[in-house]
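Take this structure, written in structure tokens, and hold onto it; I'll ask about it next.
Chain lettering (A, B, C and D) follows the sequence in which the chains are written, and residue indices restart at 1 in each chain.
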Amino acid sequence: MDRYQFYRACGVNLDLAVEAHALLRGATKQEIPGVKEDKEHYPQATVTTIHIFSATGAQALGKPPGTYITIEAPGLLTANPPVQEAVAQLLAQKLTALLQHLRVGPTDPVLVVGLGNWQATPDSLGPKVIGEFTVTRHLFQYAPQTLPPGSRPVSALSPGVLGTTGIETAEIIRGVVDRTQPRAIIAIDALAAGDLRRIGTSIQITDTGISPGSGVGKQRTAINRETMGIPVIAVGIPTVVHAAVIIYETLAKTGQGIERSPWVQNPNWAQGLVQEILKPFGGNLTVTPKEIDELIHNLAWVVGAALNQTLHTTLLQTKMAIPLH
Amino acid sequence: MDRYQFYRACGVNLDLAVEAHALLRGATKQEIPGVKEDKEHYPQATVTTIHIFSATGAQALGKPPGTYITIEAPGLLTANPPVQEAVAQLLAQKLTALLQHLRVGPTDPVLVVGLGNWQATPDSLGPKVIGEFTVTRHLFQYAPQTLPPGSRPVSALSPGVLGTTGIETAEIIRGVVDRTQPRAIIAIDALAAGDLRRIGTSIQITDTGISPGSGVGKQRTAINRETMGIPVIAVGIPTVVHAAVIIYETLAKTGQGIERSPWVQNPNWAQGLVQEILKPFGGNLTVTPKEIDELIHNLAWVVGAALNQTLHTTLLQTKMAIPLH
Amino acid sequence: MDRYQFYRACGVNLDLAVEAHALLRGATKQEIPGVKEDKEHYPQATVTTIHIFSATGAQALGKPPGTYITIEAPGLLTANPPVQEAVAQLLAQKLTALLQHLRVGPTDPVLVVGLGNWQATPDSLGPKVIGEFTVTRHLFQYAPQTLPPGSRPVSALSPGVLGTTGIETAEIIRGVVDRTQPRAIIAIDALAAGDLRRIGTSIQITDTGISPGSGVGKQRTAINRETMGIPVIAVGIPTVVHAAVIIYETLAKTGQGIERSPWVQNPNWAQGLVQEILKPFGGNLTVTPKEIDELIHNLAWVVGAALNQTLHTTLLQTKMAIPLH
Amino acid sequence: MDRYQFYRACGVNLDLAVEAHALLRGATKQEIPGVKEDKEHYPQATVTTIHIFSATGAQALGKPPGTYITIEAPGLLTANPPVQEAVAQLLAQKLTALLQHLRVGPTDPVLVVGLGNWQATPDSLGPKVIGEFTVTRHLFQYAPQTLPPGSRPVSALSPGVLGTTGIETAEIIRGVVDRTQPRAIIAIDALAAGDLRRIGTSIQITDTGISPGSGVGKQRTAINRETMGIPVIAVGIPTVVHAAVIIYETLAKTGQGIERSPWVQNPNWAQGLVQEILKPFGGNLTVTPKEIDELIHNLAWVVGAALNQTLHTTLLQTKMAIPLH
């Protein structure tokens, strides 16, 4: 039983396609039918783009067909403004290209959604990004003179989490989409990775939206083109790993052939083991570094800066000042 | 020009019907046609109920027809748990009666909306109340065994403010109402009073919802039965007064017959004066006590406790423990 | 190598004496010389009191001599007000007795210190407790008429964490102690447990203060009678477990005799394994439940209520209202 | 009775020396003995430097002798990154010169103190600045390899407010200074202005520290070279005006010669009038714009950026990455 099978068996989501792909391919780097991977190298980051273009590929990776771009920038783990600015610019480039590809024009209205729980630090990335970029939708009505020609109506929403609202996040967003008619959604979310080294250093951009069970939050319904009726780009950054990842690492590192374990006779052994160990909180346990507050603070700035560069080209060119709200 | 006319002329909202009524009646306590006022006295509080039952009354008070209950409890200004508990109980009583009157049954789903901006202390009452009571709507689906028979689905929403979202608050709420189909809304909001002594000591409960221009926030569209399609009860507590209130107090206290002022020749003088003085921020200036953070903290507890008592009768009786989210 | 040895070897702190004691005694429940344990049973909680009364006992448990009282109340894990009130009362009883034992009189000034980082949810218990009880020290000077006879000067401090201040927490507190001369310190801190079931359900009260390396924060210098010059009572609640706990659980549950492991030849194998697995963040990784924000919210209320009951007997009896700050 | 006399009579602090000076000089711009004023003009800002160099000047302005530099940048009122960067640079220049003038060398340890209450938005500037610049003091001990030669130990403290701690802010800071021995303090504080147009647009830098009664908080003891034993530079930005300012504006604008007022016979009339109007909250009422949260957010960035440029010259030149805390 390899890592990929283990994670699948015990319900650990691999929110990053790049991880799912790597694990699936394994040491032998076998090709996965229906999946294509490209790499680009930049001074501060590596970008891996995975295209899932068939149902076979989707099934194999456990992810819907579409494009998954991952920016990997280990420099994000230190307080390093030049790296942050370089990554923001790269993220803006990728977002701009993806919007274009989805035929979302430069003045088409966009709704940015900050998923997650602002009161739980590791899950607060989405809500913290709201406030780090400029919203303009209301200015078209209330202060159009502050907007240069070619501006885009941008709105923002921080819907909260199921435990606080009692409402599926997807329901809230769809309700707002129906009333306000944006042309696309950009959803920001904290993700769970399958490897500690991904925390705070990888940014995934995908045109497939948010799939059930992803993220640190408890979104149960997908937020994607199907459920929303418009394209949904998701920007996700791992801020935790599931506690089961530590369990796997332990099994792997202690070299005890999982195959030699007494558990292995039971086909559900992985799931059972993880449940047994993590049961006090129903298995919902995440592993986070202590510096998580600073990490989120820095990452929210990076994503906010990228959103401004992506969504407000004319605004930034004219350097017009936006009134405070 | 009396206080009522002054406030009207220069755009100061009197969010409290009890204030509008008192000012309109003036020193002579004249009867206003179409308006009825009752008073009850409790050890910790006085309750004034105003019924506006005709278009004439509504026009006179500048408020839609309906019931406006105001609990006045000066004891809320100190940290005094017994007063807080007594007021919470009184508020629950009034809310319960109002729901009954609106034919909202004990198991009918209710959506609680926390209006305002959690990042600006005087406007953070609504968002802070979310989190001070129990939501149950999701438990009906995910953990029904934790709910005693006769429980009510309660959901909650903190929609944010126009300046942060770019979307009218009413649009967000209506979108969520359409998707989740509650039977009634209870909207919590920070209000502006016309008298400093109202700050933190008066609680208004009304079945008329939130009217345009009310509140510290910038809600421009009404949130009421008409716009939402279901009954909307608003619970509002003044946390600020508009700066123009200080201007009026000054004019009144210095006894200079406003009629003798050189300004008085200009029919728009009141508005002009206020604009002239407050122009640096477009007139959007509010007066707050320094203890506002503690005040909000205490008031959020009072409203949250009242919501639990109102919405979760069976839950409280059975003393069942609700799982954390 | 048993759990106790494993934790010691790889630097996992057992902040709870009750855990250290249990693990040390092992399955055979052997007596540890110099350590005495008593148990009391209450409807909502079990209380275990451990006295370490000799250097041998201290060395064995890795904790300074003194009294360690642990309230265990699994009911704290749900939102259950009656349990919370019962635990607050129990905590107040134990604190009162401990103060008495330390010869801190009912009007002696006490400084409450909220340790930890309010921006990182799992570490925010201490700062959140500040604000949940009444401070009175300044009233003796500025508003003595609001204080009934027999009142106690209570002050509070939230010193922040080393990474934010660049200063050892102990230095900040000692500086304030020197200037303000309290008779005792009560320090509130989030702890790390050695067992997931302890998270949010155990409260430790000790007269030995905070020892180096304890807590989720990065306090490096002890905060105790020696470093502060006055008695220090610490109230700690586990909100995380170190990620190494999951590693141990995995090894233990998969039954692979740790003794059969290839690692075992290396005396540092446990430490090596843990470092190897957790290296991306220098090993500083903690495991937390997702509901941590609610848990902290509820626990802060419990500790604040207990502090009011402990420190403000006359204030509560006279039910005098304290002015807002 | 002119504005200056009015403010003095009714206890309104003019925290900005530039305001006190202008009001004192009056329309005729008379020279004040012992006070010298210089102006510099920059594209984004005007800088006024006032030197109070005699006891006469100090008495006249109600401020201790020293240097008061005020940067006035109306552009700070809009969300305008280039203006913010220009002002940060200007602030850094002035801080650098002042430190030099006070003979604080480039590697001398500096303590930055964020005064105010992070839970009350208008008073949260100081605490919000903490976290917007780099602290390094602890790295000298724990990670010296991350510091280039010529680095400066910088520490930070957010002491809280009297109402929350029960301790005078000056006591807390002095305690920490005694333990940690910095060579200078830079104290950040929200101020009260005497003119609404100053809110969010003026930054005062002074080598005289914080004087009693200044600021939005309730600091009662001075924080200056005398009380701290080391130089104290204060950086203050008005975020409110006292409500009495609105009272004066009203009297002034309605042109009713204050001298003709019936109040004028009573020498204490101004104080009496203000107390009468503002009594519900003991006069402690402040006027704030609604956008205060955004204003503070932007200003905290500006001050934080200036502190980094001032205190970490070598760090910025070498572009070394600082580890997260």
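One rule holds in what follows: contacts are C-beta pairs under 8 Å (C-beta built on N, C-alpha and C of every residue); 3 or more make two chains touch, one makes a residue touch a chain.
Because the structure is a prediction, the values reported are computed rather than measured.
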Open item on the list: Validating interface symmetry: for the copies chain A and chain C, is the fraction of residue numbers used by both over half? Same or different.
Closed with: same
Open item on the list: Counting C-beta pairs in contact, which chain pair has more, B-C or B-D?
Closed with: B-D
- [ ] Just give me the whole-number Å value for how far the CA centre of chain B lies from that of chain C.
- [x] 41
Open item on the list: Roughly how far is chain B from chain D, centre to centre by C-alpha average, rounded to an integer in Å?
Closed with: 36
Task: chain B, residues touching no fewer than two other chains - done: 119, 131, 163, 218, 291, 294, 297, 324-325
Task: Footprint of chain A on chain C - complex, ascending - done: 117, 119-123, 163, 196-197, 199, 216, 218, 243, 246-247, 249-251, 253-256, 261-263, 273, 276-278, 280-281, 284-294
Task: Residues of chain B defined as touching chain C within the complex - done: 75, 77-80, 82-83, 131, 134, 291, 294-295, 297, 319, 321-325
Open item on the list: Give the list of chain C residues in touch with chain D in this complex.
Closed with: 119, 130-131, 135-139, 153-158, 160-168, 171-172, 174-180, 218, 324-325
